[in-house]
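Here chain A shows up in two complexes: once beside chain B, once beside chain C.
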Partner chain A sequence: MPPTIRLASERVELRKVQDDNPPKIYTPGEVVHQGTDYLRGHGTYLDEDCVKSSVAGICQKINKWLIVRPIKKRYNGEVGDVVVGRISDLQMKRWRVDTNARLDSILLLSSVNLPTGELRRRSAEDEATMRKYLQEGDLICAEVQQVFNDHSLSLYTRSLKYGKLGQGTLVKVFPSLVKRQKTHFHDFPWGTSAILGNNGYIFIYPTSQRSGKEGDGYKEDAEETITLEERENIARVRNCIVALAHYKQMLYDTSIAVAFEESKKYEITQLLTPEVMAKIASVAQQSLLQHSRNH
Partner chain B sequence: MDLISDQGLRLDGRRPNELRKIRCKLGVFNQPDGSAYLEQGNTKVLAAVYGPHEIRGSRTKALHDQALINCQYSMATFSTGERKRRPRGDRKSIEMSIHLRQALQAVIKTELYARSQIDIFVEVLQADGGNYCTCVNAATLALIDAGIPITEYMVACTASLANGETPLVDISHLEETSGGPNLTVAAMPMSGQIVLLEMSQRFHLDHLDKVMKHALRGCQEIKAVLDKAVRDHVASAGAACNWEFKTD
Partner chain C sequence: MAGMLLSEAEKTFILRGAESNFRVDGRKRLDYRPMELETDVVSHASGSARLRLANTDVLVGVKTEIDTPFPGRPNEGKLEFFVDCSANATPAFEGRGGEELGTEISNSLSRAYQSSYAFDLSTLCILPGQQCWKLYIDILILECGGNLFDAVSLAVKAALHNTRVPLVTAAAMDGAQVELHLSDDPFESKRLDVSGVPCLVTLCKIGDHCLVDPTAEEEVCSTASIVLAVSENAFITSVFKAGVGSFLPQTLHETFKEGQEIGIELNEALKAALEREEKEREDNEKSPAIQRYGFLK
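After this line comes the complex of A and B, so read on.
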């Protein structure tokens, strides 16, 4: 496909949704509440007896707290979140992981399963061979174990669900677009799986790959060939997610499945053109709105 | 050359207290955490904000009680009438970067992000006077788009003095170069605090008050325009996802 270049003024916008009851929007410096009977929460600050907003977003009252939530911000971890991250550094007894948070997360050597599967204290020998399990640039999937005082995260991979990721595609979106759900591991009926990390990193891989991997999560099966069909499906899912994220649609299994079905009308490369992206996003939006109205 | 015609209009047809047309858009890029595009007349600027993220490079730069702010001002080689040789790194750009950082550090709530770093990149695509002001305004928009807490809008505006008596607001490149004094103000328009004040030339002290007042009013007017753009952006983005986005 030849590259397409067009003017920024010719960008395609999604049709505006009829919003009958739009919430009040606060912008930085605006007074959210006069008086001191409420406490200042995230996105607000106290200035001479009034709570002012420090971000642009909508206000929420939780008990005595006033919170202003921006549309997007960096990932703020919570215990139990599934995240996808990239190893950025090796240190004594720990890996540092880039998880799109404001500080790098930490994966301790003692909070991973050893490839042999045995449970024992980690020795100095394990420390020396850390790079054999995970090295800089490797992608991992993990769960947040603990949030420290400075808001950095401690991760763990002590489950077969988690570990090093093999062949697949990573998509980065804004973390606020990933919907919080019971499970963030999804197997789609067309043979593709996706890990929707709460931190906005989404990993797409063929379902067949995981079923083959038993025991240790640290072997990269780069030898294994993925069929053309599987690779095409991965590319299609990836383009659908990019389209949904570009038009600010929430990402979860249903929205991706709807977008995927709609995208079948087009070639995979066509999915990168703005008109088709907008079409897919609007179909997903309509069907999700319908869905939420029915409930 | 007269800066004001007999009819009381400026070279580009504005009245002395009128701003140039402002057009802007938030969230123009997908890769950075926040981005904005701002046009003030023919001055066009792109701003991108990355972070707060882990300190890149040596970790010794980290500040234990606040975020490190890193600004980079650059001018595209094609932005001026005569082609520029170096887009960044020359003395003028470095000075601009420092001033930009000073202005933005005053509004960003850096104490919330200890040991992190916030990168702010601004690029002038077309320079037609008031480059610094446009960069400050664009960077403010990009910070808001990134969801970084700021105490209030940081807005900058220029003013000048025509014929030694009439103050001009938001001066263009032609007015800048045709010899009048040039006053740049970066201020927080809601609380009225001034963060940066710069004068390129002398004029009589009697005029200072008048020119300052005009520049500050310009700041307030710019802030009103930016605020409306932010509200529109949040409203359309929020409506698109049915206000379901998750944060905290």
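After this line comes the complex of A and C, so read on.
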């Protein structure tokens, strides 16, 4: 495939959906409300007797309170969220984890399962061998246990669902695009699994990898081989997610499955071109709209 | 990109992908990601271009200034590259963090443009030994998504193509003092010949294989990369290696050949895009508002 350069004028936009009452999107500096009878909340500021937006987003009024919710933002954690994060640092009795939040999250040594699965107090020896479990750069999947006053998060992985992630690929999207659902672990019928972290980090990996996983979730599986078919499916899912996220479509199991089915019409490399990306996103959008109208 | 962390398992995944000629996003080893280009985005620059390659975003502005030529080269103008790595791209660029990368890129560009086949500096001469044009090529890196060298070089070539150097209508000599009269009409200007200008092609070595257009993740996995400056007519004007790893002399020749072929294709794609844009703008000439897209999307 020879390299392609397209022009900005050839940019592909998604066809607008018929919406009788589309939300107004405010831009930074735009007047949200004239007068001071409303209180300014997040994403707004007071300037010469009017409340102005400081972010690009949608306005919400709660009683006398005005807030503008940004479309693109960092992750604001809530207790119980499933997140995918990357270890950025090791400290005394804790790991620092990058979770796309404003501050690094922490994972305490006492909130992970030990490799043998035994439950006991963590000794100084465990502290010295922390790097054996998780080292800088490792990807983990965890749940938010606690939100501190400064909005930093404390995570835990004391469940078989959570732990270190193996071979696969990470896609970063806006946290607001990941739809909150009962489960964020999805095994798709074509042999690919995905963890849709609430923080906008999405990990895609072959389903076969997990079945071989032993109880602790810290097994090094760098030796395992991934078949070409699995690899193709992972790449396809990855490109579908990138396409959906580029055209700001909500990400959850159904939307990904619809996009995947639609994408089968194309080669995997074609999925990188804007025309095909838009087509996939609009098909996903249409079918989900239909779906929601029927229910 | 330096400073980016990857786990061992992810590295293995990328490495195996490079081995089996099926990369993480489904590309083959010698496939490029689609790019988007717009020229003339900065109204107060003589020429400008913006190129976006997946997550890599580069803005280039060219400014012209009158200068005195170097004593050893009285018939030639001057080019100066400056790369600014914005801290918006990555926090690592904050303060002086991006300086090293910036110098590396600007040095590689000035080396690629040094050859007389690449860019004819004598077109920038006004009065031999007295006055010449100096082009300041300012490159702003807004986002890093891998493959900076290629993206920057393409954007620079597009910006140079877009550059209009004012016409000198008259010169008055008053002893050693020279007084130049520039044309008042902004449409009266001359274009630069960019047909020989090279594009950089980065061949990134991952495992035993070379691949082009690496993503930021793939760059972390690579030990070394070869950067070739290839012009439209297949001239390689400069070669250098980035990274600490090494190449085998046997495979190096093959690598050069691959890079050269891709470089020609890249130049052709850029030329086609620029011609398309020019034609589009000519067609729109009559309509009052000329559309610029810029950063809104």
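A few remarks follow.
One rule holds in what follows: the second predicted complex is superposed on the first by the 259 of 295 C-alpha atoms of A that agree within 3 Å, B and C clash if a C-alpha of one lies under 4 Å from a C-alpha of the other, contacts with A are read in each partner's own complex, and residues count from 1 in each chain.
Please note the rule applied: a residue touches a chain if its C-beta (ideal position, glycine included) is under 8 Å from a C-beta of that chain, and two chains touch if they have at least 3 such contacts.
Source: prediction; values computed, not measured.
Once the two complexes are overlaid through chain A, chain B and chain C clash, as defined at the top of the document. By the document's definition of touching, of the two partners only chain C reaches A:T269; chain B does not.
Once chain A of one complex is fitted onto chain A of the other, the partner contacts of A:G85 are absent, as it touches neither chain B nor chain C. Of the two partner chains placed around the shared chain by superposition, chain B is the only one that A:K248 touches, whereas chain C remains out of contact.
Once chain A of one complex is fitted onto chain A of the other, the partner contacts of A:G200 are absent, as it touches neither chain B nor chain C.
The clash between chain B and chain C in the superposition falls on 76-84, which is one of the stretches 4-12, 58-66 or 76-84. Common to the chain B and chain C interfaces on chain A are residues 8, 88. Looking at the complex, you find that chain A touches chain B at residues 8, 14, 16-17, 19, 22-23, 25, 27-29, 42-43, 45, 47, 52, 54-58, 67, 69-74, 76, 88, 98, 102-104, 150, 175-180, 245-250, 285, 288-289, 292.
Taken together, the chain C residues at the contact with chain A in this complex read 5-10, 12-13, 16-17, 20, 22-28, 31-38, 50, 154, 213, 262, 265-266, 268-270, 272-273, 276-277, 280, 291, 293-294, 297. Interface of chain B with chain A (complex): residues 28, 30, 33-34, 37, 51-54, 107, 109, 113-116, 144-153, 188, 190-191, 227, 230-231, 233-248. Those residues of chain A that touch chain C in the complex are listed here as 1-9, 11, 86-88, 136-139, 164-170, 220-222, 225-226, 228, 231-232, 234-236, 238-239, 242, 267-269, 271-274.
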